Structure formats: C-alpha cells, structure tokens
C-alpha cells in the first residue's frame, strides 16, 4: 500500500512525466519544489501571522449573540424546509381523497376547492358496482397471497442452503444469482411471455393466474436479505441441534425460521405490495379484462361521465383511493418491517 | 460435523434453480437470440433467419420495405431514435441529479432535528408504498387543464398532459415537466431512507472535530458529510439511473395506457421500455428483443462509467 | 492564555420515568491553569475529567459555572469560535482526506488578519522600475545565448525572471503605510490564507511532530502512533491559545507511550501553549504535568504539583491513586500522638497534636527500612527481584489491601518474619469517616 508519493524520496521521472514536463506540466514533487524555491514563499513568516476565525476578533459576547441567532435561524429554516417538502409529499394524497368525494361539476369548475361542497360517497358505490372492482380486488388478493407464500417458501429454502449448508460451487452460484439482479426485467419479459403461451396458460382464467404467480416465486433480493439474517444466527445453535440428532429440516423450521420472523414479515409485506402494484405482466398475460389485477383495472377502465366520453375524475380518484388505501394501511401497521427491509439494501451497497 | 459437500443442499435449491432456469436464464439467452432473428413468429417459433436488421430497424437505420401497387416503400422507424431514446435520456439526466440533491438535503435536515424526527421520516416514506400508476393518475388530475397546479399558480388553462379538445395540444416541454416532477416526487422516499441510514452511521466525532477546526455548517456539509456519505450516494445514483432508464409505470400512470392521450399516441413521450412493451403487444417480438438488449447494454455502460468515476471520489 | 474554571458543574439529566437519577458528572470545579502550563486531569473512569475537557472545548455546555480564557468569558461560546485545539482519544482524523489535507483543514476555515495599507505610489513606482531593470538585463542575456547548447541556463534564467516578478508583486503590495482609524489604531482586514501560506504552515507543523514523510498518506495507512501525531499536528496548526488532549496515550502500546509522552512534553514546552490533558494513568500525569488535578466523581480531590500530590496526598483516594505499586493500607490507631498498626508503633507524630482515634494507616512501598530492631513486623510471603529493587509481597493481619514494599537490591531480607522501621514522611493516617481525609 506504500504509494511512493512520500515527499522525502526523490523520484526518477517516468517517461510520461518527462514528456509532460516538456509541455510544462509537472508532477506533485516538482510543483512542490517550485513552490519552495519561490522567494515570496520563503519570505512567508508563519510566526508573525495572526490567525483569526472568520468572524474576526469580535468579543466573546458579540460572538455568542451572533451564534445564538445563527442557531435559531438554522433551526427555523430547517423546519420550514422540511415542512414545505412534507406538504408537497402529502398534498397529492389529500387531493386524491377529496377529489374522490367531489361531484364532477365541482372538479371541473374553474375554482379549485380544498373541501368538497357536496360529499359524493356515491362515487365509491359506482366504482364497485359499475366497474367490476370487486373482481379485480379478489383477483389481486388471490394472486398476491399465492405468489407471496410461494416466494417465502423458495426463499427460505434457498437462503438456508446458502447460509448453513456447504456444497460445491456455493459461492459461484450465489455470485451468479446476485449478478442476475443487475439485468433489467424487460430482457426476460418477452421470452417469458412466449413460454407461458406455450404452456397454454393464456387461454383460461386459472392459467392466467398461474402465469401471474409462478414466475414470481423467486426473488434474489429476498434470498440475499434472508441469508444475511440466517448468517447472524450463531452456528453453535446448528451444531447443537446436530448433536441432538435433529435433521436440517427440523432445524430450519423449528429454529431458524422463528428466529428470523421479523425479516420474514418484511419479505411477506414487501412481496405482497409488489404483487399489488404489478401492472405490466398481468397486462400481458391476462387476456380477458376480468382476469386482470387491480392496477390494470385502474388504468384501463374508462371512468367516464354517464353518456359521454369525458373522464369522470371523481370516479377515477375513488378508484385510485381504493387501490392506494390498502397499501397505506399496511404501511401504518407494518411501517417498521417495510422500512427495515428496504433500508437493508443501502447498508451493504 | 458439517458436511463438506452436502448434496441435500441442492434439494433445497431445486425450486429456485428450476424457476430461475425457466424464467431467468433461459429467457436471457433466448431474448438475445430472438433479437437476431428475422420475422420471428413466436407462435410457431420459426423465423426467416439470422439478421442484424432488427437492431438496424430500431435504430432507424434499416427501413421496412413495403411493396404495394407495384411501388416499393421504405419506412424508416425513427420513434426510438428520435423520441424514445432522447426522452429516456432526458428523464434520466434531469430527474436523477435533482432528486438526489433534494433527497440529500431532506436527509441532512431530518438528521439534524430533534423533534418530530420519526414523524417526518414516516411522512417522507409514504410515496414509496403507493402504486406508481395509481398516484400517477392523481398527478394527472392535478396537472389537468382545470387542475390544482394551474389553479395554485394562476396559469389559466395551461395544458400539461391533456390532449386538448380544441386542437391545441400541450407541448412536449410541459408534458415532460409534469412527468419529471412526478418521477422526482415518487423517487424521493427510497433515496431519503438510504441517505438517512448512511448519515446515522457517520461517527459523530467527525462533526465534533470539524467544529473544533472552526468549520461552518456549509463547509462541514460539503467537505465532511458528503464525502463520508459517498458510498451511499454512489449506490443511490446507480440504482436511480437504472430505474430512470426503465421508466414506464409513471408514463402509464400519468398519460394513460392505451394511447388515449395525444402524447403517447403520437409517441412524443415515448420511453424505451414503453416501446418494448408496444412491440410485444403488436407481435413484433424480435424488435422488442432488440430494444431490450440495447437497453441492457446502455445500462451496463452507464453503470461501468459510474464505477470508474467512483474510484476516485468514493471513500469507504 | 490563562484558563479559568469557576464553579463549573455539569449535570446529566436522568429519566424520571425509568427511575434513572440525574448524574452529576462535574461538581463545582474551580481551577486555574496559568498561561503556558501543562495541567493533567487525573482520575478513574467516570470521574468527570473528560466531561470537563469537553466543556473547556465547548462541545458540552456546562449546567452552571463559568469558563474564562484570559479575560474573556467563553462559557457559552461555540467550539468553532474558541480557538482551541483538541486531540481526540480516537484521533478522529478525517478518513477520506490525506494527512496533509487533515492538517490543512483548520487553516482553510481561518483567516489572516493584517493591517490595511495605504499604497505608497512613489515607492511602488521605484520598486517596479528596479525590478523591470533587473528583468530586462536577464532577458537580454537570454537572447544572446544559444538555444540548444545553453538550454539549461536559459531555463534557469526563465525561472529567475518568474521569481523576480513574484517578488516584485510582493514588495509592491508591502509598500505602503498602515491606515489607522479615528482612535489611531491600525485598521485590520481579514483574508483567506493563500495556498502557499497554508503549505508552509502545514509543513512546519509536520516537522514539529515529525510526520513530514506521511503527508500524502491516508489515515488508515498509518500506525496508531503516527495517527496520533497527525492529530496533534491538526490541533497545533492553527496556533491555538489552548491545547486539549483526551487520553492521548491510552491507545498506544507501552513502549510508544513512553516515547510519545516525552514528545508531548517537548512540543508543549517549545510552543508554550497552555495545555490541559486528561488521563487515568497516574504515571503519565506525574511525569509530564506542571500541575495535577485529581478528580473523583466530579469533585476535585487535590490540586498541586505532581510531587506534592504524591508526597502529601490530601485523602485516602489520592494516596491510593498515585504511586506504583499502590500504597499499602492497614487498620490502625492513633494513641498518644503515635500511630499504631496492631501492637507496633510505626510512627511518632511530631508536627501537631492529634486526638486518639481509629484510623487507616498507609505506608508507601518505599517507606520501610529493613531493621532487625525495627518497630514494625510483618510476614514476607514472597520476594520478587526486580533488578534495581526487591519487592516484598507481605501478609499482615491488619492489612486492607495487597501489601507490597520495595527495598533496594542490597537489602538482606528473606521469606518469613521481618522487622522494619517506617519512614515517617512515607506513613500517612487517614480518618475513618466518609472523607477519609489525611490526619497526618
């Protein structure tokens, strides 16, 4: 690690530097030598210098005052900044809610109101009655829960294998898996579409659901996450279990899984949210509109005012609320798990 | 005690390996393969042979040749080169730096306050748990002709995203503004979370030392905080770049799915991914494949560049 | 710069809900550090010494009391504005900067104060003409030289011209009279330090602590001792009025500790900066401090020059804390102005009249002289030869801790019962009440 930039040893100039010197560019040592030979540099009297803070030589009392003022200003500024930012962050949600409760005429009027003049609960009723949202909800729940459970199982198995078991090619395989995280999903979509078509899954409702569930039973990110967690469980427990004659299987389910419960909950919730938010793939594989999921329904239903082709924003927003609120509820109750799962990614980088 | 070569491990890994083989490794190779096939028919899995033309066509170099009524037409497809690619690049190079800077400031602010810290943290995280498309539609309402944005800023009936009925479409600039605004808004939570956890890992002693060294707040931020945060900044930049390049959901959310809006219909606000999915629904799978491979290559390229740049600037 | 701590108190609030009481870390500390002196704050962990140091630095705010630097009260002043240097226990070197940048960093935040000059145009004109002439002469010489053969001389002349130009600019800037304000005091202006100035100061400071060859390295490429010297350089580079060191030697290995101890002393004497340093190692404090303050649980126990603290401990705690091996303690009694351990009279009290009482008797390890007719008897269990001295491991029925005595290597002594005389000035009696003050 010894970089020979140590200034005490004179260096032989390399070929590149010799060339650069000809054009007038010098290396660090040369520049330092130049600097030290400059007569002005030599005249610098470091002992005669008076060094002061940037506020000069003000008395301590004056400095204290300005420091107090500065501190208060900084705090006020920070809170104002954060306040404004958080308003910007929250405003769309508020707007979504109240728009969903407004009548169409109110929405389209020239003046925007911040509280509905007439509260239209009927928008929600319409959304469910006329626009099939019940179906979409059920579809999404089925697909979501099944794909999440499947993922949990495969992830537990794989993480266990990588964390606790020894086998040839373990590190290579893990590295390959990690590498696949870098590949954009779009590369796989096309072929997967063909594959599921060839499996004949596109022609029936169950088939479409299968297509929406099975390919997503794996997630390398969650395997990585769970493996980290498993690795933190002391190996001694494993050895002790072995001595007790327990098989790997028992150890996995009776010891490791309960100990990793928080991470598993994180994975469950994040995966469920992912399924809830999916749009592209269901759009491709679910041929019939009734087979589709909630986000598809949201975007693809034309919420129009009766008898016209004008979009009815009230209905649109009501539908959006229906799609968004469950996630918000999940967030409120499981905030810790969600944020921890996402945050883990950043620490290792 | 622990077996050196536990074959049972493969049993545990079986589900993952099988699924990955079918849905990840095979498609990867297959997609690349398809991109080189002429007139690929996915139903019958037949094609007319090997060609570079798909790439050529997507890049707007190689035309589609039509003969009709005895005449030969050459159709050059420029939507990707002239619209999707520039749009995607614009989105990436505009939203990533701005959102990184804003989220950095917010994180530093959050880290420095005492009261309401947890509360504000939670608020800033909310956009992450919502559906990009759903909230995109909300922004669609906000940016509508008679929407909140125009009202707050007294802009009359400025078109942002709506196709107009009276024949005056909104221009690319306004539509892109709305899109970028939304994308930045949506991408803040993840960044804030990463930065905040990175900030909390910085030893407080460095700040004490900086105080003793008479460094003011701003100086400390640029010379101490940011360099010590550079691993997180790098991570965020790389993931943000990749995500911005793949932007699709936001466009769908804001402008609509079935080319109902002028913008996506005339492809003015096209992105590369949007094109890929269009190809699939049109059945031109080989073109989509070519575009996807190009996307992959661009992403790899930028990631490599970022790593190279990071060698000097990132301190671990 | 004299430091003055007046009734300094720091209370850390507890948590009423959890039943954690308030902690009084520093209790009414009153200390003066004269200008240019080195004060050691000594005590076990938790005694409040680091807290005191951090209050002097400004990183902690005192609950009550005052801190004065010279004739200015700085109690509530933020650390940025106090003009102090602090060497952290863990050095706190900025890991992402080179050693050079670490040391230069404080300088980038400070300004130079200089008198404002009214330019003397006449003088400036003269200087300019002067230099122009010199430069012209050299240029003339250059034009007569052969480009190829005398390339070296030509380049040397070019450099000379550059130097002359720079020198000219410098002298022109200096040619002027200092402006004064209405009261006749010179007007001062602040400016940033130039890169050259920073460079010079950094290199000079590096020389003082001997780290010149590490300037281009990063902190993680240095050993502990080297890192510490960099930390010291960073603290000194800004010519602070006060230098603070927080357990500077505790992270170093034994050999390095001795060496660095001397370094710190030397640097302090050379620069003459008022210094306060914190340590739990009494040997350290004894060897380099001008004055020691011994602290226990936030309260000052004794303040004096090191030898005095050792020779005249004010209470049992101080006596116990200083000295290696530690002082030997016994149960004892004072009767008729004599100190007894068991039946043996170990010391006659001559300086004053003391009431009869039970007490704790302390005898310094070097405080006995083996004498077959001695008044004090004890059992020697083991003998350790330590080259210069012999250490006696002793057992005594009235002992309160491990009894160890040191005698010189020529003493004839063996395992078993030994009699000795106690040197009176090495024998102390401590009261049995809470304060355990020294009786005599």
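Labels A, B and C are assigned to the chains in the order they are written; within every chain, residues are numbered from 1.
Keep this in mind: a contact is a pair of C-beta atoms (placed from the backbone, for glycine too) under 8 Å apart; a residue touches a chain by one contact, two chains touch by 3 or more.
Model, not experiment: these values are computed from the prediction.
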Contact-graph separation of chain B and chain C, given in steps at minimum: 1
Chain at maximum distance from chain B, centres defined as averaged CA atoms: C
Of A-B and A-C, whichever chain pair has more C-beta contact pairs: A-B
Euclidean distance of C-alpha centroids - chain B vs chain C, Å: 57
CA centroid of chain A to CA centroid of chain B, Å: 12
Chain A and chain C, separation of their C-alpha mean positions in angstrom: 50
Chain B: positions in contact with at least two other chains: 214, 216
Per-residue multi-chain contacts in chain C, two or more chains: 78, 80-81, 109-110, 238
Multi-partner residues of chain A (at least 2 other chains): 53-54
Of all residues in chain A, those that touch chain C in their complex: 1, 3, 5-8, 28, 32, 35, 37-41, 43-44, 46, 49-57, 59-61, 63-64, 67
Chain B residues touching chain A - in the complex, by the definition given at the top: 1-10, 12-13, 15-16, 19-20, 22-28, 30-32, 34, 42-43, 45, 102, 105-106, 109-110, 112-113, 120, 122-135, 137-139, 141-142, 144, 146-148, 151-152, 185, 188, 190, 193-194, 197-198, 201, 214, 216-217, 231-232, 234-236, 242, 245-246, 248-249, 252-253, 256-258, 260, 273, 276-277, 280-281, 285, 288-289, 292-293, 295-296, 299-300, 303
Complex interface listing, chain A residues touching chain B: 53-54, 74-75, 78-79, 81-82, 85-86, 88-90, 92-93, 95-96, 99, 107-112, 153-154, 157-158, 160-161, 165-168, 170, 173, 177, 180, 182-195, 197, 214-215, 217-218, 223, 238-239, 242-243, 248, 273, 276-277, 279-280, 283-284, 295, 298-300, 302, 313, 316-317, 320, 323-324, 327-328, 330-331, 335, 338-339, 342-343, 345-347, 349
Touch list for chain C against partner chain A, complex: 69, 72-74, 76-78, 80-81, 83, 107, 109-114, 159, 163, 166-167, 169-170, 188, 190, 196-197, 199-201, 204, 212-217, 221, 238-239
Residues of chain B touching chain C in the complex: 203, 205-206, 208-209, 211-216, 219, 223-224, 227-228, 230, 315
